[in-house]
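In structure tokens below, several structures.
In the two complexes below, chain A is the common chain; its partner is chain B in one and chain C in the other.
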Partner chain A sequence: MSRQSNRTTDSKKMNAELFTLTYGALVTQLCKDYENDEEVNKQLDKMGYNIGVRLIEDFLARSSVGRCQDFRETADVIAKVAFKMYLGITPSVTNWSPAGDEFSLILESNPLVDFVELPDNHSSLVYSNLLCGVLRGALEMVQMAVAVKFSQDTLRGDNVTEIRMKFIKRMEENLPAGDE
Partner chain B sequence: MLTRLKTQVPLFSMNSYTKLREKLKLSGLSFASTHSHVIRLGRHSRHNSKMAVCIAVIAKENYPLFIRSVPIQNELKFHYTVHTSLDVVEEKISAVGKAMADQRELYLGLLYPTEDYKVYGYVTNSKVKFVIVVDSSNTSLRDNEIRSMFRKLHNSFTDVMCNPFYNPGDTIQSKAFDSIVSAMMVQAS
Partner chain C sequence: MAIFSVYAVNKSGGFIYQYDNYVHRAEAEKTFRYPLDCVLKIHDEKVVVSFGQRDGIRVGNALLSINGLDVNGKFTADGKEIIEYLKDSTNYPLSILFGRARLSSNEKLMPASMFHSLFAIGSQLSPEVGSTGIEMLETDMFKRHCFQTLTGIKLIVLTDPRQSGIDELLRKIYEIYSDFALKNPFYSLAMPISHRVQGLHQGSLVAPIHVAITLVPSPLMWMRASLEP
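Up next, the complex of A and B:
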């Protein structure tokens, strides 16, 4: 199955709205089902993880980037290739820790949160937590264990959305543990 | 232009610019100063002419989703005004026959003038109504400005609808919508 990258920009606008609304419906349904923001965050992370472990295959097939030599290269590939390919945005990589194992992705705009305003009773909801799961799952498939979390969120009143990624360890080559 | 000066001056608070205008008017205007006057006045009045006194959003079941008026103490009167304007809206929607239903324009125009106010209406295809009440003395407000206000309201309302946390039928509590509406309202003097 050859998958040509025929993403043209003309239909992107409509797809983006449908995508945003779909994600919104997903989050609100989860909120109604679980009624607990922490639980919803966990579920979003799990769902993201499941997406990530599959998405990495698609990404590697489409982008044909080779194995990254170090974490810095990984960060650049994530920001410049992966985000661009799937969300159409290019976050910037900043705030490297002195040890070089932690960095931040700064997103000026987040297509998942167009039109969204968090109501007051969901103040601890991490709306875009799916993204954290996706990154974690995808990197786990290339033998990198990372911890991902949101440190700033425009829905909570910050100016930008910031994702903090921390490298934990390189994993042994072993079969994937399967879906959580 | 001078008649516009006459109606503008008593309405709005006397800021320093208005005082200057008064002074110039009394001292006799030269063309140059009139002209620069007119340009600046134009900007000033355009700034004020985009101001409504009350803005309301009514659901298709005819209950208010959002109503905001300035000054706050007359709110009940505006509620009543908007409520009575709904009859006119219904009349205008049903006036066009079934065959012309798709050709009916969203903007309804001036619904009815009272001695103090003019009430404008706009209906979406989902039967959500927007009502704007402006001061009668604000004669400089043109039709296409009202249309653009309604267009902005409609766009803002669509954004509110797209918020996944908003349930259709709830009152509108969006901060973005609030700020759009506040930008269109007269500044409380």
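Up next, the complex of A and C:
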């Protein structure tokens, strides 16, 4: 693929800075517009959802992974392939619930929050909520309904950033013909 | 190139995109004298040959142009009815171009959606459990390859029966679709890509698809290579 071979590590670093700045500008503008942290969180989730439904096609076109057979396989693909491809990080998959329908992604670093500090008046803002929306939107396009939220956030004083994903159900009614 | 056309159909069977690679379309132009020896009839608002096949003009070919002027359905370029025009001996001799009728975009929409239904039936009729549907339909004139993505989009390519390397081509077209259609924020998912859609013209996809098509190895190259001592 010609696009990947042209990318060097230098230009990748430059893109990450611009990406962080862009995301930061977005969040601050949303805060100014809505003036309510809960509302901003909701908007970030919505925006993430719209990104997710498109990103999944790009991901499937470039990575040629097939359909995942169970939630564990889904978790592995998300952590090892998807996050690596788009954010350049590989979170670890831990804290599986006994029923196998919930797990956590532990992110050591988060490119969205480089150099970001949350002020006191935005204590309930989930800065990276866009990621939750992206994961939700992408999985919905492959007929999996999930609930995603941040259970730990370095911006709010925790040690690591932890995303909790819970499997709700398989959306049988939207299944393309032939997939069981 | 032996790739005839590319179609894209969305999850609910609605038409998204269509691209025709006009290769050698069988067309025959001949000068005729009165009386015309082909029997013509009106079919689907077009004038087609119903009898009198000869010299490259086959039954089913439509009348495309008279004396170099493209016809408009049943009427000539200046609005006269073709059948009446051809009965008048004073208009002869004239040259008529016959060929395979070019389908309007509505006519292309129907087979694309119909294929979607066939695809669904095919996957249910399959004796194998977990069959994913029709991948290839082969006739003696063409092969129809279908690739269904995990999100339900079907990419369909019509090719020459001897053509290989189509799986690669289908993946490439999927990449092109995911780039151009999805990264354009003004394009609503699953909507047809046409000149009516804001921001994304059918033409924008033509160039990369054409490049992808030219990269597919031609079957004729292989045949020539195998014939050489």
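Everything that follows uses one rule, which is that the second predicted complex is superposed on the first by the 165 of 180 C-alpha atoms of A that agree within 3 Å, B and C clash if a C-alpha of one lies under 4 Å from a C-alpha of the other, contacts with A are read in each partner's own complex, and residues count from 1 in each chain.
We adopt the following convention: a residue touches a chain if its C-beta (ideal position, glycine included) is under 8 Å from a C-beta of that chain, and two chains touch if they have at least 3 such contacts.
In this text the structure is predicted, and so the values were computed from the model without any measurement.
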Exercise. With the two complexes superposed on chain A, say which partner A:Ser64 touches: chain B (first), chain C (second), both, or neither.
Key: second
Practice problem: Specify the partner with more touching residues on chain A, choosing between chain B and chain C. | Solution: C
Exercise. Using the superposition on chain A described above, determine whether A:Glu38 touches chain B (first), chain C (second), both, or neither.
Key: neither
Practice problem: Look at A:Gly24 in the shared chain and tell me whether it touches chain B only, chain C only, both, or neither; answer first, second, both or neither. | Solution: first
Quiz item: So, A:Asp158: does it touch chain B (first), chain C (second), both, or neither?
Solution: neither
Quiz item: Regarding the shared-chain residue A:Val116, is it in contact with chain B (first), chain C (second), both, or neither?
Solution: first
Quiz item: Can A:Ile56 be said to touch chain B (first), chain C (second), both, or neither?
Solution: second
Quiz item: Touching A:Val142, do we find chain B (first), chain C (second), both, or neither?
Solution: second
Quiz item: Where on chain A do the contacts from chain B and from chain C line up?
Solution: none
Self-check item: Complex contact set, residues of chain C against chain A
Solution: 11, 119-120, 122-124, 130-133, 148-153, 171, 174-175, 177-179, 182-183, 189
Exercise. Enumerate the contact residues on chain A facing chain B in the complex.
Key: 17, 20-21, 23-25, 27-28, 114-119, 122
Quiz item: Given the complex with chain C, which residues does chain A contribute to the contact?
Solution: 1, 53-58, 60-62, 64, 66-67, 141-142, 174, 176-180
Quiz item: Within the complex, which stretch of chain B touches chain A?
Solution: 159-160, 162-166, 173-176
